């Protein structure tokens, strides 16, 4: 009896400590269920689709994680994405001979500018991130409509090289996937092995201490929003290239999906906590739901409800496990 | 070589509207422990921030090893070998011990700029071991006890190769035993040639540790003495500016009928089998080491974290206390340990703070009666003698002691019969301390039943009629006033034997 | 020690009185009226000014509890979805044969339940912030609305049902009358009752409030339920204005509402702000949109203008606040020692 | 205090700036020109821009003033708001491309009560809330041509799927119904409709729905997407996966967007009406309603400029004006049309 209690407790604490393991377990269970319901789920072709479609979410979620760690939030990324996608595609349609790398750079630049403006409002002026990014969300969205004059940039206006950004592949792997892997590895190194990366955690964990340690938290905040902007800019170009169409309402409301991925990945809204591997898994979990629900013939109208239910369940499950661990620890203390 | 490692001359620092330091002096010898004392608001904190480069002084000079230096930011202070351990623990709760130690001076690979985690973990482990701790450096800071965090803070200071370490109230949150451990570490550092500035309200710390003591009062320098050359009374006069004749006021012995009776109270993992009675007009002291379950017990009695077994009787009638409003309704009041976090709303006016817990009584059917509210607030603020001009000043404008008085005033608004004081003089300077003691005794004399929870033994012994000592979640002994000595209490606090309930 | 006298009368200065954010909002509102009258000949007549309120007051009902929620340092981003779900439930039950009165009651009940669930989860699982909980329920509630109605629209209400959104009391729109009644009630509750004072206390220091006997959990539960209930009221008005409903109505309403509350001077840092500010903000945003609509400004310009208005006004409060802070907060401990 | 005044000035300045922006717009009401408004589903939609342009051309030819409006996202709430604003401006007519069949009824009824002529075009509102509807295509004709086309492309046998929008705008559902009816005919007995998928008119969703279709039905021969977003997304997926020739895509699409796919063969041909003409016809209808030439009753006739004469007929719900058969876009003519819209 005593042994069983200990065992149960240790399993629980493992789950609590290694949130990623829990997520992987959940992903595996879901995959098995989907595979049983539709054997086409675990095929190379479908998995490639799944990953390709999730790359943009992963790229954005990595940036959002940094923002959330500093106790911030960025609601403007959907609009930033649309604006940079629109600007770069307008640009390539005007100069079709342009190197696609330049288009990517242009998109990133637009994103960075959007990010710097938000970062400035948050860090220097001191506006709360939720309000500042809410305002800018409207402004950037308006600018997107305005810059295109109400039109779309569609497939035939884009040179093949530009559309190729998202469809080409290197060594048999889609470029999008490669970009996402590169970004993931870069930021994995950045947050875990660089001083600046750790300072982001420090600012989110305890801003006052950070001040005393001599960390320039304003600079860190500015940096974090700039990175988020840059990543949204990149995502904008990839999005437009992938769908070969730039519209005013591109990615409207997408910011909430990104935040949901972070939350599923164990990032705390209260700051200081979040691991990049967790975020990756959170994004993949959402990607699986998006990919598999249509495959197993779930009515499209049920997808949203199922997603909401799973997010709520995952979040509650985490809390309940943590509580059980604490209870167990208390029970072990003999009084 | 100069005997003085650090000298500060005529340091002045002004903030808009406040002169925080007015031309103060300070000298620190190599390898000495120098106590810095003064009431809250005397300018000690600002002074430390000047030394560590958080604030730049408006006027005055700083000499390090005889050379004039400018310390314009914290990085520079660190380079000069100055480190500080602040009063409010300033760490990163979500990060590992290693990171907390090395934040700001991480070890990196010069070429790749990559953080060398392995090396840092190893070094952190060594540092901790040198301080006699076997904590795993990968543990997250937030899961440590305050004393353990304190050790990490010291390790952090050592990791910068500091030869001047400033400790701001390091013992405030420590138990007796933990304090002793800290003394040992501090003395060890001194013997290694580190100079230490030690700030504390506890006279005990100073006598035990310091070689010399410097006193500030009202932003001014008062003087420096050798510790063995100054008496307790003289020091108090230096700090307070007047004499305090009697710290513990005399209490009438008018213990009356039974008020509160607790039987076999327990809460999983925190405390168990707690039984005692409290009478009208009695002060029941509860003490013990940190972690003995004192605060948990008092919070359970007030319904903050409800108990899960046992019975509570009030005036002989069995009652259930599930949340603070139940307790207040019954007539049990609670003065929390951390007044800034748990009692006061610092942004609010003093008056609103005072009336917060009695709004139901002074309103009619839920509608506020602001006139009545004002008059009650004014009356009570005057009763506890808050030093302020108007009840509309914000609570954050008050000193710690006066904030505590406002917290006490909050308890007097409602018809309470039992008052629980949880560490009422923590972080309060000696002047305000005596005022708070006076209030507590006065309340007991008026017929309140008072439960006084404190880790300061002189306080418990000086005020209580009976003292219940807790150890690891249980009451190990109940000592009557007459038999109460520090030794007796300590013995009970460390014994694991259980004695009969305190009825 | 001799007891001193402490002043118990509040000092009143005109400067302090006029230096409130709400006066700034009044100024902005007047400017908007002036601007609207100058740019469009159709604006300045009683009928249009009154009728305009019909176009923006539907979501305004949610603003009242949202002010309370944000003062308590919480947030609710599920209100838009709650509007959609309660509206869909009402329409479906009516179409399934329930009398309209009962369908309306069901709508209110659905909204209240949604709000209650939010509040319950937030109070029960304190580790979870309100953003997380309401983000999840936001997706969930709208998801349920889609499950119920798929991509259909449901309507066919009796003629008198359109009275809510289109009817008049004399020459004043019914919605405006009800809004004013709500505004008065909620303003009084927030500023003149124990309940309201407790809300401010919770937002300023939740722990201290609990230690002072404030029933924090109960108050949060009530306010979140109120948010759901007012979302259902919004649903009734919105449905009445459209005569039918679909699962995707009221998208992004939560952000509109939060923007109004923020513009009204309520900080998401909690404990600060007044109901009057938020009420003024409703009319500022509403009339600005209406006025620009009268000159047929393109939708994208409208987005930019609203976004800039929010940012500029919050920047302004922030700068004002910073200046004040510099003056008073140097080192609180050193102050007022005597 | 000074700062406060400054801020006040700043604010007023902003508003004056806005006012200046605003006054560039033709807002004068008293010059006797009739004012005709058109409200599209949402802004930033090139199809809508063309439709509104056609409307504007017609109105300006006729000497009226055209007001073009669209909310920033395709919601009924915002269209109601815009209609209310138009009523306040005392326009003479309102033509709407509705986001919901029933949802605008109270707003449009209020407009009609104030003497404003109301019609719908493209995406209809119900019969009670309009005087007449300008129907870009006969639903029966659309359903029929789609099935005829797909049958010809796959030689009359194999699996097909439909990729629709959310179909809330009532159009798609109606067309799909007609397609299903058409499929019941004996000549299509070898064609199997395996699934109707919904891409919600979102790029990403339409792409993943298409991918799901391809995964689930490896023998799929054709995808019919009667929505401009869906057809472009489906054609893109087919192109990217190198399935050109194995799976064909057809449906209703914008020439400018689909040019690339018609040229590469992913979509051999497709259909659409000319949105300029839809708008143009609606403009003339608005004018005729305001002038009193027609009342919206079946049998009324009016001249629509270069499009010729039209007659109002009785539709399923209310009266309609039919533009004509959908127009076929293929390799031959796409070059010429892709620049137009």
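Labels for the chains are A, B, C and D, by order of writing; each one numbers its residues from 1.
We adopt the following convention: contacts are C-beta pairs under 8 Å (C-beta built on N, C-alpha and C of every residue); 3 or more make two chains touch, one makes a residue touch a chain.
Owing to the predicted nature of the structure, the values given are computational and were not obtained by experimental measurement.
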Touching subunit C and also subunit D, the following chains: A
Centroid-based (C-alpha) most distant chain relative to subunit A: B
Gap in Å, rounded to a whole number, between the CA centres of subunit C and subunit B: 42
Chain centre separation (subunit B, subunit D; CA means) in Å: 71
Chain centre separation (subunit A, subunit D; CA means) in Å: 34
For subunit D, residues contacting two or more additional chains: 42-44, 72-73, 198
Overlap residues in subunit C, where contacts from two or more other chains coincide: 151, 251-252, 298-303, 305, 308, 319
Full enumeration of touching chain pairs: A-B, A-C, A-D, B-C, C-D
Partner subunit A, residues of subunit B touching it in the complex: 52, 54, 73-75, 78, 86, 90-95, 99, 103-104, 106, 108, 113-115, 117, 266, 268-272, 293, 472-474
Sites on subunit A touched by subunit D in the complex: 38, 40, 43, 45-46, 49, 53, 141-142, 144-145, 148, 150-152, 154-157, 167, 239, 242-245, 247-250, 252, 290-291, 294-295, 297, 300
Residues of subunit B touching subunit C in the complex: 15-20, 40-41, 43, 45-46, 218-219, 302, 304, 323-325, 327-328, 334, 336, 341-348, 351-352, 356-357, 359-360, 363, 366-368, 374-375, 377-378, 381-383, 385-393, 396-400, 410, 435
Touching residues (chain side subunit C, partner subunit D) in the complex: 15, 19, 24, 27-28, 31-32, 34-35, 38-43, 48, 51-52, 54-56, 58, 151-153, 155-156, 162, 165-166, 238, 240-246, 248-252, 289-290, 292-303, 305, 308-309, 312-313, 316, 319-320, 323
Complex interface listing, subunit A residues touching subunit C: 73, 75, 121, 125-128, 130-132, 134-146, 150, 248, 253, 256, 259-260, 263, 269-270, 299, 301-309, 311-312, 315-316, 319, 322
